[in-house]
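By letter and in written order, the chains are A, B, C and D; residue numbering begins at 1 in each of them.
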């Protein structure tokens, strides 16, 4: 690993972000990354956060048209309420703040505590959960579906609406709508090495893969012998479509987990398109890249989001963050 | 590996690019990626290319403000002259074409053949070599310095000048100036697995690293026990500064080799900044990310480019490619 | 009677145990979670130790509420709010007396454990820290040693369970056969009570 | 006399040898290069085979110039232009006679090898394909078998050399101790001459 010591990994990265991105205010000590021009008058503030190790999520999505602030926790560990309250205070212009929370026990508990504390401080805060991973059944026997790739869609689309000056209820509503319209499925071709552990979190021999993985190095639901990119696309897209039955065009995120070369990811994207066209699903837009990662995991995930006209307009709206930029 | 069969890796990736990027014309059969609006009247065409496996280099840098076209070869194998001639013909508006060539025997020989063939077809073609890697001594005992991270600087800055309508000689001159002002040094923390070989190209145990690696999975000049991010930054930056003695501000590329998490890369970036400030070198701009990669190699490289005012203005100029975008 | 110093010793003994066992906790978490439980607990109890030294709280209740607040502010993850709530609620239930009886402490801990159950929504058998905490609370009525044994037994008994809460639940049946990291750290916390009681309160004290 | 069919057989035997040895060539290239030499050669000679079938060139010279053009258009890398130039220049030097003498062929191959040296700027001892090709050209004056042996000896003799051209040169002294992949494939090309000569021309023919 390219680190100094495990204990300073997050602080070191934040120092690096501060050095590279003058357009961000990076509070290294308190671990909050805020767009420099926050609070923007009249604009709802968007705050997200979660364990580190998923970069560019979330700090790479802070900027005009997307998040107002991000709170990075330790690697794979939810941030603490103090960070979230501080971020909320920094971005609140009086129009209120939306917390975008990936559905993990840790994130939910910490953000819930932050909501209480922020409200105690007089802030108006709403919270939306992202839970798009179809590999986990959403039942009382689990912590519910994990939040994965759809987070990018939620942050981008809600961020665009907030930039238009929409009120908190509408920003919250569109965030919820994006989440409800999105599903993901992930596959690992190799395990993760976390700074804390220093060796792979599970043992995955070269000739095997894990289906239905999350973004925290947890093993998946099933281990199988290695397959072709086309076979993996079949499994992933079918798993998503079993749950999301789109009757209109979709956004497609072909996401790398961190160590899968872009060359392979684009090839996988071609297979995802093939399966979608076989299934008669129209594609509105496709994004290919390492966006919601799991440190150095080799693998990929597919996220589909069925979009209406408003969502597509908001997706296409200008965005200026370090990891996602277009328009204007 | 996330592939179908090794033989179709490049074609599969190009199909994926075609599906994801309507703003590009992707000729999958002939392996040429061209910006859709080419040829742009009165503009010098910029063509680059090289072996695949370095994505987003080069195809990810095709678009307004950067390359006009890219020719991807097989993984780590230079493309063939036919591709280059085809690309040149597609982007030539009568203002001539500049080939940007990384200094490897294969790339040089194939591009040289392409220059001859293109001139036979009546095109005006110039060629600039990128050779920035200080790990290789530039002597008659080697094939000369390798072209690595500086390629991004050359393509961006020359691309911006071409977009301003400058004539071929000036675009060629600035490209050459950027190359002469740039130096790089790379470190591997893990080996590469190429599609053709299917297993790591060299054996690098977890507790060791290779100093002075290139971007093709070749072993480096020296193997050492694992070091901290700060120690690696010391070695890499000092190696660069031993050769480039900047008396003005520099552009900094903190580049990931493919499998190094952005979290670690930003932390490394902080250490690079520390060393530069210790050495009294002013930083004009910093770019952190996986831009000039080596498939799934873990590791990083540092490229510095001393900039004058014109170069900095051209660096800051708008760019609209899939992997690098800003401005406008 | 248990005085303020007893509770400081409890936190100190827990911090030491967590330091000692951190990599094992992380290993357990790697198998069915995300490989951070050891470092999470270590970060939290390092902060607890520092805060107790800095602020010298004067009552048993103040020791635990301060410790709980530290955990909430420094741990993150699932365990931060849960352990933080456990100690804060236990501390609050102790009120501000300078000394408390064993029975009063057992009541307070029960309130703390109930708060954990409420916050996380888990029940006995869900393969969480509660599987060590719930039996410990019952046994603490007889002695700290009994609580320690019950917590350890509870932690070991998580091995054959299928997880229904937290990250491990994502694994479904693949979570079976592994010991829950949170139940394991909870057993360390309870065992530290015996150490805190020292020679005087040791053994079955 | 060597007729058109001899040269087709030469190319076919080379294609077969390259297929057989592809993964070994790639292994050798992994050690001091970029692990693609086997697949490069395979792609090239597969194209050569297809082109020869498609276009049925009528003279020895036409067989080799067509083969060379295919290599240039399909291989890429350093070996594509170099091997492509080797065959093209050899073919051009053969002119358009329908049959050529052994001596004429040896002269032509010498011209081809010289063109490789000129294009790549390498000399004997630089640890490249030339270290197999140069001795082979000399030995071909006596027989194909002698050329084969000389090429193989030349390839083996690259092991102790330090590379001064191509990717392997980046390794400096670390390139010592490995056999050059291009010299190894060049030895296959030369050995294929013996096969092409068949039983009639076999042995020392």
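What to note about this one:
As a working rule, contacts are C-beta pairs under 8 Å (C-beta built on N, C-alpha and C of every residue); 3 or more make two chains touch, one makes a residue touch a chain.
It should be emphasised that the depicted structure is a prediction, and the values quoted were computed from it without experimental measurement.
Without chain B, contacts among the remaining chains split them into A, C | D. The mean-CA centres of chain A and chain C are about 32 angstrom from one another, to the nearest whole unit. Once the centre of each chain is set as its mean CA position, chain A and chain D turn out to be 53 Å apart.
Separation between the centroids of chain C and chain D, computed from CA atoms only, is 73 Å.
Multi-chain contact residues of chain A (touching two or more other chains) are listed as 75. Contacts between chains trace an open chain of neighbours here, each touching only the next in line.
Contact annotation for chain pairs lists A-B, A-C, B-D, with touch applied as defined. The touching residues of chain B, when paired with chain D in their complex, are 6, 51, 73-82, 104-106, 109-110, 113, 135-137, 140-143, 146, 192, 194, 196-197, 201-202, 214, 216-219, 221.
Residues of chain C that touch chain A in their complex: 26-27, 30-36, 38-40, 43, 72-82, 119-120, 162, 164-167, 169-172, 174. Chain A contributes residues 1-5, 8-10, 12-20, 52-53, 55-56, 60, 75, 189, 199, 206, 228-230, 232, 254, 258-271, 273, 283, 286-288, 290, 293, 295-296, 298-300, 325-326, 328 to its touches with chain B in the complex.
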